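These notes open a run of structures that come right after.
In what follows, subunit A forms one complex with subunit B and a second complex with subunit C.
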Partner chain A sequence: MRTRDQNGNPSEKRDQNDQPISTYQSHALLVNTLIGVGILSFQRGLAEEVGFDSLWVILIGGGLVWIEVWFLTRMMEKFPRQTFVEVLCRLLGSKRIPWLGRVLSLPFLLLISVYWVVGIGSVSRTFGENVITAVLPRTPIEVTMLLMIATVAVVASNRIQTIARFNEFLLPILYLPIPLLLAALIQWGEWENILPLFQTGWKEIMRGAFTAFFSYSGFSVLFIYMAYYQQPFRAIRSHSTAIGFVTLSYWTVMISSLFVFGGYELPDLVWPTLALIKAAEIPGMFLERLESAILSIWVVVVFTTMVSLFAAWVDLVVSVLRLDEHWRKWVAWGTVPVLYLVASWPGNLDQVFTLNDWLGKFEMASVLLILLILWLLGWIRGNRGRNRTAGTKNKDGKNGGKSHAPTSS
Partner chain B sequence: MRRHLRSLGLVLLCAILLTGCWDAREVEERTSVIAIGVDRHAEGYEVTIQVPIPLKVVGGGGGEGGESGHQAVQTFTGRGSTLSRAIDQIQDKVNQELFFGHTRLFLVGEELAKEGIEELLDSSRRQPQARRRQWMLVVKGKARDAIESEPKMEQIPMQYYINMIETGVRLGRFAEEGLGAVFSGLANPGKNPVLNYVDPKNRTVRWAGLGVMAKDRVVGVLTRREATTFLQIRSKELGEPLGAPCPEGEGRLVFEPKELTRKIRIYSRNHRPEIRVTVQVKGGIIEKTCHELDLSKQETMDRVTQAVQATYQRRARHLVKKVQKELKADGFNFGNHVRAYHPDLWKRIDWDKEFPRMKIHVSYDVDILRTGLRYK
Partner chain C sequence: MRKSYTRKRERRKKEYLKDRSERKLDEKVGGLRVYTELEKNLQFISQLLGDATDLVSRRFTIQYTPNRRAAVVYLDGMVEVAIVDEFVLHPLMTEAENIRSKSDIWKTVRESLVQTGEMETTRELKTMVDSLLSGDTLLFVDGCSEGLALGTKGWARRAVKSPRSENVVRGPREGLTETLRVNTSMIRRRLKDPDLRLKDFKKGKRTKTHITLMYIEGVADDAVVKEAKQRMKQIEIDGVLETGYIEEMIEDNTWSPFPQIQNTERPDTVVSHLLEGKVAILVDGTPHALIIPAIFSQFYYSAEDYYERYTIASFLRVLRLVSLFIALLLPTLYIAFISFHVEMIPSDLAITLAAGRATVPFPSIVEALVMEVSVEILREASVRLPGMIGPTIGIVGALVVGQAAVEAGLVSPLMVIVVGLTTISSYATPSYSAAISIRLLRFPFMIVSATLGLFGVVLALLLMLLHLIKLRSFGVPYLAPFTPLHLSDLKDTVLRMPWRWMKKRPVIYRPGDDRRQRKEMDGT
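Coming up: the complex of A and B.
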């Protein structure tokens, strides 16, 4: 049903609310967005801060992110079918001066745009650095980065619903490397390597959890994507399972790395996950060098993160400037040079990691700020907002899952 | 439909055109190194590598079969101030690009191993081609001699070494320590690596014990007999069968361990650690040359068990003394247990100073389950 809708006539201009994002798609979207380049190296930074306690500090990081996503979801489900761009414009604007809202919301939009644009650039740079040191030492990093960015631009110029389907399709690939991690764990793991626990002070633990934010970053795209949800008021569950799944994945990677390398060797490894894969040996398997194969899976993982961020950025620009659908392509391609510049900006690997670290915290802070603003505005302009919300919510609730069927013909 | 065909065509075109990449090196375009040997040299290091000759290494098929020994491989030597400089010198002598992704063996000459290998290992950590699964061995004499030795059983001499080590590890007689274990032993303050020690002769090679390390330096070699007890305490390996004197009369008994559990208990007495190790061994008698002994009787078996136990314990006492007083390096990795399970104690003491003078008590608990096909 859904695919037929999609293939019908993609060029036709339609109401953007048709073929909305299903609950599973929203789960896939969030998982794919959060799991990105962080999975390649988050263990090192964490082990540097909290050593053996990284084992559970990574869970604290996930918990904090979950809290923020919970607030975000609760906030955005009050405004179904609207991106935060529209919400901000409306809440900040007035009827008499129509352009006021857009101008006033610009600083906040800019804040999150900075995260998205710098994020895409830094993700492609991090991945490029990984590829160049680990498997393709002679391929210039510029080529790897540009190819990634350009391919992402092609995908990201699609409509949000297409992006969601794209994520739904790619999600299972994420599971493929897990057996290898476990193989390494079984072959090399030592109990003593994860002990002792609970040796670090609260200050370090908080710093460690903050460091972990980058691996969980990207959830701010929900500000855009939730507008396309079929049942936004059901999103809390799919978002929670997504965060849970991501946390579990990171925890699996963390515990495997700790078991194999221990808290002392981990800070010395630039790409611990890759080292882990390299250490794994599958009995009876002739192929010894699996890291290239695994890295091609990670291309997908990294790719989906970039696509999510990029599509969110494109959607933001399109809705701020009130552009037509076909403008998405031009916005995407117009951003490519900027992304490339951002990607080539850090001078060395250490700066890349510092930038990533900073990005994770920046996203947490700016999402928090925007949520606060939205909440304050909603409270101040309470009456009008409440009436509207109530209306939409009811309508939506009645129609449930089939609401899009009549409109999609 | 036509649109679909067009996009399919585009995808295929991309797939065909975009496959070329900078890093494509075909298998036949590289020289795969199977083993590296490193010795101390006036210039820094002397590196010897062994490379299988692909044409000569034929796995059975066809009428001819492959050639073996040094007809199937070639060795190259290079010198330089660092490992990679020495390898660069070898590169000048080789027809293809050297490739270390399939290297399985890393041999270190005794002299170099005693000086320390920390600097030597840097490139193995830095370069993506090196693998943690490589076996690392200390060679009595020069590593170069090992690479030039010619065991006959395998086409590739170094494969003989690898198989030998892997067999010994499977039987629980050799230390299961490769590059990965060395890395982790060097990084972890509670651990010390231990390397298998081999003695190459012209046509043969002999596993001659274990090189115990204090961090990156080999500080002493344990004999075959000591190694068994050492591995039982350090890593719960079975070790080789044990010969014990008969409880009465002439002759010997040979006990083969089949199952082994080990417990390490750490006590803190007057703020100083004390270690008690209990090793439980179950196994059978595989040979007996004492005639008077009747193994079918329970009381004889008790005495035999006592004898085996006493032999194990005597050896453990000697070993602990040697490791503590002579080597002065915690090869048992007790420090790692203290670090993991008693972090407060660990923080209070300087382990390297404490280890040689602390009390270590090892006790064995032997259980003889079977005596083989003979009744008495």
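Coming up: the complex of A and C.
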């Protein structure tokens, strides 16, 4: 049974597995979704475009993403406890022809699901390539990819609330490699390596920022997840801190790799972050080389990204087809072969990186498009939406949220 | 959902009908009233028990004109014979002059002659037989259509001794015993609170085991109490010999390797959990009490954590956490490092390691499995062996066999260290049931590690995490307070903060009254 009834109000009979997503969980969810496979290699693409200036262009990328997430959050706030699937169906549909909304919203849903499905595939491919080059050279990439996808499917076939708690628990693991990065920075960093700055034109900078999008990609899952938030009206804060945190950690990685490798060497490294960790030497360590250890932490990081995208996709299918809760499992397992095909589609690593680049921009564009459509439709059919559900209008909803705030804080 | 709902309703309906038919059957057999003729009663009872040899029927005469025949019936060994002699038989036989009239006999016997505290008058023969079987003494008087069940329970009891399974250096040395009443008394003595509630159940069609549910009203979450009672009611079994029966029948997920209900032998632990707003279940005949709901981390707390100063307690808790990881993952990591990630081992150590492993004819997984399995066998053997021989076997097995195996070149010296550390670490877990589940999980992890290296181990850990996240114990998430995160409850998890900081009860158990300390006490 769905946790929401037809009008999008929380259903009365929710059992305890359906505790809505808390503010901290939403923060963890977004951080874990954004930081993914991108952190292993984003420096290379960026350095190719803007060279030394990637030091601050990465911040521009973060800023742009923050703006888009801000719009997204504000838009979804207007529809508490509803995913954008339900919102689109309602806004595009009509009372007389019930199926019209679903059919009309299909193109938009398809747009975003293409991103999710291809995204999971390419992430698993990128990580699989990394695993076979760094730690398991004799294992075929198909095995690592399939294992990863299958394990992700097991997790993603759960309720969104379970996935939020999964992310909540795993968030602290992200902090573990930070001391190593700093150690590398302190040991090998040279001031001369980051200079000269401000050598690139505006065009390149914009192109660089767009390249950075892939490392920030994945925020479109908020379209689904915000429906399960306990307090959608406080989401803007947790989302901002999440984006801020992600930007900061990318910036730390960027600075460390620039300081250590410099702008000329960086474009030649396939996995700059891994090279950085390799360079770090901590006295008294009882482990000699840390790639395997670090990669096993990154399994977690990449895993959470894939789970987020996958669960969003499963939820989308389940709500479009109006399936029962137990269908999640079958939707997830049914997608596994498709994901595997997508993952093995690029011919070589270079094509994988091109695909990733394209994916980042694609998500940015499709989210913008959907937001625009939602805004236009809300504007045109505003009256109707307000009649259907309480809190659709921004002002009403906001007040409702604020009145709840003191009791929970 | 719809379908399962109707199915549930149908099942309930069926159960109700079955219950009703059983009730009818009960009425047929058990509807028998106490006969007015004394001999008929005695005959019925001895027939029902199949002329049991421990059945004692003592016929005597109440000295009142005209003399009245009477009899006491009890099971030898189940009653305190001294009480029966002195406070039942003696007054009835010698002080009958108090009886004023013939019609007064029964009333006087009941009111003033029999001198036991617990007494029940009944007309039902079945209830009387039930009382007889649980250690009461029955009194029949000829010509009366009622019988008396006198509370004279008394049998050989084990003295209160220090608990075998949960030792502490500092703290009470009393452990629960096999007698339920003694156990409840030990708990009451520590918790003189009028709000302490005891709810009784009789489970087991044949054993008719006495089970008591204990909680503090107003502190325990009503929903948990209600759910516990509900689940207790649904138990349907012929015998309950240990709390394990109950545990398995009321736990949330029977297939999980993790215990979702804690058991303890210590009355002080029971009380401390009751004060946190939990529910305890005591079963007659076993010194282990159940505590619900349970979270993962509480299996790594020892009663002593709260008795020792908080710095020491916190340090010990961190140690236990480390030992948990060692017990679960050390052999796994050994296998992964040896077979996949040799580059992680420092070069000097790698050379020694290679030299140690040079004579070993097996891959590391076989080596590890053989050693782990033999250690498990040793452990099991030393648990079963009587008294003094147990530790000896452990030493012989671990030291002598291990050393010989290394010298024979069957296992590498590091493997012996790994196995030794793993075993010792799993002993550091205060709860035996939690330690045993970790012991069990070690083996799948080792196999995963041998096939996929660290990558596979991490994936397996993630799946285990998913299972833990989905697991619940009576509505409380198993990984609380870590997820869902409750910052205030983190004070009593990995570290044990000073009592002064823990003014509130843990919120994850949703206690009714959430304050442990009053605000006025802040300054002291």
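The definition used in the following text is that the second predicted complex is superposed on the first by the 366 of 409 C-alpha atoms of A that agree within 3 Å, B and C clash if a C-alpha of one lies under 4 Å from a C-alpha of the other, contacts with A are read in each partner's own complex, and residues count from 1 in each chain.
Here is the rule we use: contacts are C-beta pairs under 8 Å (C-beta built on N, C-alpha and C of every residue); 3 or more make two chains touch, one makes a residue touch a chain.
As the structure is a prediction and not an experimental result, all values here were calculated from the model.
Peer 1: Could you tell me whether subunit B and subunit C fit or clash when both sit on subunit A in the superposition?
Peer 2: clash
Peer 1: A:Leu111 contacts which: subunit B (first), subunit C (second), both, neither?
Peer 2: neither
Peer 1: Can you tell me whether subunit B or subunit C touches more residues on subunit A?
Peer 2: C
Peer 1: Just subunit B (first), just subunit C (second), both, or neither: which does A:Leu64 touch?
Peer 2: A:Leu64 contacts neither subunit B nor subunit C.
Peer 1: Counting only touches as set out at the top, which of subunit B and subunit C does A:Ala134 meet: first, second, both, neither?
Peer 2: Only subunit B; A:Ala134 stays clear of subunit C.
Peer 1: Under the stated touch criterion, which partner chain does A:Leu377 make contact with: subunit B (first), subunit C (second), both, or neither?
Peer 2: In the superposition, A:Leu377 contacts neither subunit B nor subunit C.
Peer 1: So, A:Val336: does it touch subunit B (first), subunit C (second), both, or neither?
Peer 2: Neither: A:Val336 stays clear of subunit B and subunit C.
Peer 1: Touch check for A:Leu100: first (subunit B), second (subunit C), both, or neither?
Peer 2: In the superposed model, A:Leu100 contacts neither subunit B nor subunit C.
Peer 1: A:Leu323 contacts which: subunit B (first), subunit C (second), both, neither?
Peer 2: Neither partner.
Peer 1: Go through subunit A and flag every residue that touches subunit B in one model and subunit C in the other.
Peer 2: Shared contact residues on subunit A (touching subunit B in one complex, subunit C in the other): 135-136, 139, 288-289, 291.
Peer 1: Quick one: which bits of subunit C touch subunit A in the complex? Just the residue numbers, please.
Peer 2: Interface residues on the subunit C side: 1-2, 340-341, 343-347, 350, 452-459, 462-463, 465-466, 469-470, 472, 475, 477, 479, 482-485.
Peer 1: Considering the complex alone, what residue numbers of subunit A touch subunit B?
Peer 2: Touch list, subunit A to subunit B: 133-140, 143, 188, 191-193, 195-196, 199, 261-262, 264-265, 268, 275, 278-279, 281, 288-289, 291.
Peer 1: Under the definition above, what is the set of subunit A residues touching subunit C in their complex?
Peer 2: 1, 16-17, 19, 22, 24-25, 131, 135-136, 139, 144, 147-148, 151, 154-155, 158, 162, 165-166, 168-170, 286-293, 295-296, 299-300, 303, 324-325
Peer 1: In the complex, go through subunit B and note every residue touching subunit A.
Peer 2: 21-23, 101-102, 125, 128, 131-133, 180, 183-184, 187-190, 336-337, 339-341, 343
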